[in-house]
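Labels run A, B, C, D, E and F following the written order; every chain starts at residue 1.
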Amino acid sequence: MNPDDLHLLRQALPYINRFKGKTFVVKIGGEIADDEATLHSFCEEVALLAQVGIRIVVVHGGGKQATELSEQLGIEPKMVQGRRVTDEQTLDVVMMVFAGKINTEILSALREMGVDAVGISGVDGGIVNAVKRPPKKVLNEKTGKEELVDYGHVGDIDSIDTRLLTTLLAADFVPVMASLGGDDDGNVLNINADTVASEIASALRAEKLILVTDVEGILREDKSLISRTTPREVDALVKAGVIRGGMIPKAQSAVEALKDGVQTVHIISGKKSSTLLGEVFTDTGSGTMLHRDATG
Amino acid sequence: MNPDDLHLLRQALPYINRFKGKTFVVKIGGEIADDEATLHSFCEEVALLAQVGIRIVVVHGGGKQATELSEQLGIEPKMVQGRRVTDEQTLDVVMMVFAGKINTEILSALREMGVDAVGISGVDGGIVNAVKRPPKKVLNEKTGKEELVDYGHVGDIDSIDTRLLTTLLAADFVPVMASLGGDDDGNVLNINADTVASEIASALRAEKLILVTDVEGILREDKSLISRTTPREVDALVKAGVIRGGMIPKAQSAVEALKDGVQTVHIISGKKSSTLLGEVFTDTGSGTMLHRDATG
Amino acid sequence: MNPDDLHLLRQALPYINRFKGKTFVVKIGGEIADDEATLHSFCEEVALLAQVGIRIVVVHGGGKQATELSEQLGIEPKMVQGRRVTDEQTLDVVMMVFAGKINTEILSALREMGVDAVGISGVDGGIVNAVKRPPKKVLNEKTGKEELVDYGHVGDIDSIDTRLLTTLLAADFVPVMASLGGDDDGNVLNINADTVASEIASALRAEKLILVTDVEGILREDKSLISRTTPREVDALVKAGVIRGGMIPKAQSAVEALKDGVQTVHIISGKKSSTLLGEVFTDTGSGTMLHRDATG
Amino acid sequence: MNPDDLHLLRQALPYINRFKGKTFVVKIGGEIADDEATLHSFCEEVALLAQVGIRIVVVHGGGKQATELSEQLGIEPKMVQGRRVTDEQTLDVVMMVFAGKINTEILSALREMGVDAVGISGVDGGIVNAVKRPPKKVLNEKTGKEELVDYGHVGDIDSIDTRLLTTLLAADFVPVMASLGGDDDGNVLNINADTVASEIASALRAEKLILVTDVEGILREDKSLISRTTPREVDALVKAGVIRGGMIPKAQSAVEALKDGVQTVHIISGKKSSTLLGEVFTDTGSGTMLHRDATG
Amino acid sequence: MNPDDLHLLRQALPYINRFKGKTFVVKIGGEIADDEATLHSFCEEVALLAQVGIRIVVVHGGGKQATELSEQLGIEPKMVQGRRVTDEQTLDVVMMVFAGKINTEILSALREMGVDAVGISGVDGGIVNAVKRPPKKVLNEKTGKEELVDYGHVGDIDSIDTRLLTTLLAADFVPVMASLGGDDDGNVLNINADTVASEIASALRAEKLILVTDVEGILREDKSLISRTTPREVDALVKAGVIRGGMIPKAQSAVEALKDGVQTVHIISGKKSSTLLGEVFTDTGSGTMLHRDATG
Amino acid sequence: MNPDDLHLLRQALPYINRFKGKTFVVKIGGEIADDEATLHSFCEEVALLAQVGIRIVVVHGGGKQATELSEQLGIEPKMVQGRRVTDEQTLDVVMMVFAGKINTEILSALREMGVDAVGISGVDGGIVNAVKRPPKKVLNEKTGKEELVDYGHVGDIDSIDTRLLTTLLAADFVPVMASLGGDDDGNVLNINADTVASEIASALRAEKLILVTDVEGILREDKSLISRTTPREVDALVKAGVIRGGMIPKAQSAVEALKDGVQTVHIISGKKSSTLLGEVFTDTGSGTMLHRDATG
């Protein structure tokens, strides 16, 4: 470091004191792994948090890369209401992209930063116990008719077994987890990464669930950032149509996690540098922080 | 079980007594995962060994499936002296097939058998510390000329760090390991699975290294099976041309492992059922067992 | 093993998965130790269960051999309502036969099977805290008159201290326990072995209490075997006179154990081979299994 | 205690400081258990040593009681050169008396003193690994001819496995051990108790081996007690015929133990009260202490 | 020891059995450290208790020596209602005398007795979390007027963090603790030693809180000693004026500790030898023992 | 923190990776505790190092304050060759100032920074085993004659027992240690703080020994700072008279520590802010770093 900047280190001390030994679950989209500089920068921030004594679990999906590989292989990706319909071939794609390519890329980037990371998915150690999602009637927006959609190898989480995670965290490894799950009959299931992250955070009684997205956080109608909010306000914002589209399930995952014991949930941008550090080491934060409503 | 068969269980007792608490490293080719019935049968055998108290590490590659995916993606696989030249695109294929598809399939099959397995590769927890293989002059058999071949992202093992493996084994997880390695600069390297298995077995001071192949074992010239042999005999058999082709590096890995402290090395067939159990639970075994030469 | 029989091993897997790490308390009569082949066979079965990860506690008495030694020493054995009146001399006989001869014979037979067994009685480590049974008015069937019977050094269990048992089980030893108890004044007391086994099973929250007897199990009036039953049915069977004689206290011990948290109680024959394995490794079992009544 | 005697307690402090956490192996003859007051007094001394933090292992035989029971059963005891010829029937007697009666009596007396004792023999946990003593030519003193004597089930120690002892000591139990051993074929063997104690003390790297006998210690020709001596002096005393008879093997066991790492060996009387405490808590001791010769 | 006194040791056995592994908090006044023979004698008693397995925490103040040093430095000690008004200079005196001189003297005396003692104060490891006592209106007895007294750096206990104490006790160290406390702003506060001892005893769920004073115990009006009493009787004695002066806060600390789970509280004299041993090792004790009122 | 400065945090990562889990022994003069701002700044730096996973032991003396208190008490301080002659009264002063005042002030300042610090001296837990320095003939510079000087309670280190230090470090406490030692006869001895720090660093196999002084480091004749040096160069500098006065013993302590296994020794200034951080987190460092001579 530059000797003139050493005094800045000291400003980190109160934050380190506050969060040392606590667990953070950080969910990233697969697109972070797509750009080497962004991945490098993100891993540097994770490494710094891990090294000052914060226990980190990284959860990732990889939708964009899965779509790309599907197209390369001549499989037409089919999305229904934001959920990938996962036939046999697509499941192979998802396993290869999530648990193979992206997971290994994150691991090797973390290793470069001196972090002992371990790549897993919800299939490992029976962490994510899931059930196949039953076929569902869905309105086909093109035809205007309801259709029965079989999502294929898509799963919903039934329960979480934290034994492998706690074994790894206790031995100072950083688990990096692809959003797959399994059942006891040997099926692999594709599961929404936000949901996996939220359930893992709840099961580990995490201090923070941090959702790294491609927006700055929850925005007001005038596009200004909401720094802090609560479930009650989120509810109002959804009703008012301010929170909409893909932000709705994220906000709901966040509210669920708060209910199940996570202390705060953060929605930050993965596109800008140091947002993860900013959310942890500054009082204002860099994105939106959700905390419980005051009771009473 | 059928009550009439119960007495057979007892015959397993002396073998259990002998191997309980010992470590076996089992290397399989990726092709086992290609056939569901074979994978199911193999995992059942692994599960049984694990449940009677043997500590199992599974190591696998996946060359056949990597070639298939390469072809699907229009990448021409290029092999030089049995080693896959691994350019950037091929490395992606290898990561996806080894660490993604095959690894997850083995995990889920083991989970079906009640085994808490954890999928890793040599990148995880810094297990396999490798260096990029330097370009090498190789005789081009077609042109008859020497060419300088750059194998690309192919690595040679520098050192093994067993901390993650021993953490997982101590917590009664079965590690399933894809044959990738890494270096401290964040590079991922494709490594020969036989070599990975042999080095892991040595580093763990394993009781047995079991190489599951597509042949019955080491055969004599008359195609009869050699049940037991030693490094000295192997040496003679290589010189006599009886051991040849792909069996040579396997036999050499086996001899290396014996030198480094592994008790016995076994070469068995993955095409027939119960060869793994047969090698452990019968005195004759099902394939070829290598043990050290008597000294003196 | 015979290679052709290896596939049978696999059938044991689901049972091993179910019972691994669970505790079974197995009570045998002393007469098993009287016949070398029977003892050898029983110990082989215990060894197999122990080696696949089931935690076994063996409890034994030794009434037959105690009677024999008493007679050799010219002490007339005196039984009142199935309970041995235990004067000073008879207590010596009981200690010698139970804790000396039979216990050591079982230990050495288990050691031959590769099991690290430890012979104890309820006096060791203060496991069985007992009180002397107070004299009781009993109808003398010969004279038709009530008599006050002092059972001598016969005890009733006051409490169980599991510390020694859990220390031994945690270190993978198999405790073999003679049915004696003690009090804090240094007295040794002769205690019914069924009762000791039932109380130990309850205190350890055992999965199974297995009573090895000289009959096949609980029989119907037509002598056919009842494979499964419940406390409510047992009650009815006792009232109907189908369960009678020595089976009544056994059935009552079984019902008590179920109440106190043991999952299932089994009554099997020690005269036939593989009944212990059959009860654990087959779905039909070999004797009678008692489980709780469905509630509702 | 009497308040006036409290100051005496303080005199124990330096001895406690010196021996806390150290291991003492105390060998007693079975005859101590024959007299209730003597047993009570001995157990009180053992309890006190155990409670101030000394790790105690008690080893006992029981020759006198074995002879009595043999006679009661009409078996003629046969001794050759001080060693009991142990046929099948006699082995039963030895198991019953050593592991049954005497062991349980010592346990219950210790329990009365608040000590958590555990009765074992060398068969338990495979502690004493012994081999049957081969038949030996022995001079028959009556006939003056050599005879081939088969000692029967008499064993010599091959090796000691301390795992059960260290498990029990670490959990603060006091092991009380009958001098039997076994082999891996399931045979029980009768072994000299002095030898067992000496070998156990060596294997545990004990601080003290204390042999409780029926004499005051090693005596000079004028019957005065030798308080301290060394292997070299013992050698001279044997040659001079001062040490003779049953004291010779005791002295030899003592010398062996010193060679194998035991710090001091003590020969004291079990007939007088407080000799055990006296040997530990006074500088002069109560019997004979053997320590290594000064080197040089 | 004198061999003739060995039998007396045995009388300690039942007391050792009763208190082994229990925690005693012993509070002494600083004046004990003022006289070398008294300190030596006290430390010998503490050492003996520690060595027989009782976990000891020593708490001390040092008012007398603080007054002396204040006077040497020309600072006029100012007491209001028995509490030292602690300005900046006086706080330095208190730190130097309590945590420096007296603490080190006790440590080195204990070390001489073979005890591994560790000197701490309530500032160490954040044990005593205190708040500055707010200024209070107090009647000036000289002027007859109420005055607002600022006690300065005097604290009241807010909470106790036992982590350091349990770490030290688990590693068999004897903590010796000066009666200082601190807050999270880095202030050091002077706290009444009786209160510290009472709160520490409660937080550790101690078996005994022993207050070593300069009187024999609680005395009746006729100066005879009350051997045993209860909170209810203490209440009556205070009301009746029998307990008065400095004994009132001591008696109140004792009653508080009983309420918070300490089993018994003892008030004994530090001026006579062996009172600590007498209170532990005799049935009558040497001072006054407070136990809870019988309920009902 | 200021969001704009967050990127600077990342520059600390490689240093954290390098030193995490390593032990640093930091020696400070007592004068640091004399100025509140300096103490505050120093403790902030220690806290930061501790929180990123470096194990810190602080060693301090307090000569300046000891001299002040001596003077206040009318004791004339007497120094011979830089060593305080320590009579009975002066020993009291040293205990009070070192272990009482300065130690407690450092503790409470660290506590304010969120550090769980524990104040000890070498008397605690028998860490520093010392012997009284024998009287020595010393040249009286005033009289020009040799005099026999008895240094009084001044000690030289005989051995270090690290058990208490490792217990505290393993439980994540920061030991703050006053430079006193003791012997087994209960004597307290005043010991040079540089020597204590050097010996503690050696015994703990510390990564770094950091001597905080009132100069910038070792200076060249032109007063420029020597950033890196080796024992061989130090030797030359002493001979050349460049290193002189109080720096000589410091340089010698440093050289000793390197010999005994400490990786690097640092001499830095306590008068400027961030020199401790600068020495750890920058490549140039802020003072002088001593490392071993290259061999060969």
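Convention: a residue touches a chain if its C-beta (ideal position, glycine included) is under 8 Å from a C-beta of that chain, and two chains touch if they have at least 3 such contacts.
Just so it is clear, the model here is predicted, and its values are computed rather than measured.
Trainee: Moving only between chains that touch, what is the shortest number of steps from chain D to chain F?
Mentor: 2
Trainee: What chains touch chain B and also chain D?
Mentor: Correct list: C.
Trainee: Are the two sides of the chain D and chain E contact the same residues or different ones, given that same means over half of the numbers occur on both copies?
Mentor: same
Trainee: Based on mean C-alpha positions, I'd like to know which chain lies farthest from chain F.
Mentor: That would be chain C.
Trainee: Just curious, how far off is chain D from chain A if you go by their C-alpha centres, in Å?
Mentor: Comparing mean C-alpha positions, chain D is 68 Å from chain A.
Trainee: Quick check: how many Å separate the C-alpha centres of chain A and chain F?
Mentor: 47
Trainee: Just curious, how far off is chain E from chain C if you go by their C-alpha centres, in Å?
Mentor: Those two chain centres are 55 Å apart.
Trainee: Could you list which residues of chain A touch at least two other chains?
Mentor: none
Trainee: Which residues of chain D touch chain C in the complex?
Mentor: Per the stated touch rule, the residues are 69, 72-73, 92, 95-101, 103-105, 107-109, 111-112, 116-121, 123-126, 163-164, 167-168, 171, 173, 180, 182, 184-188.
Trainee: How about chain B: which of its residues touch chain C in the complex?
Mentor: Within the complex, chain B contacts chain C at residues 1-3, 5-17, 20, 44-45, 47-48, 51-53, 113-114, 273-274, 277-278, 281-282, 284, 286.
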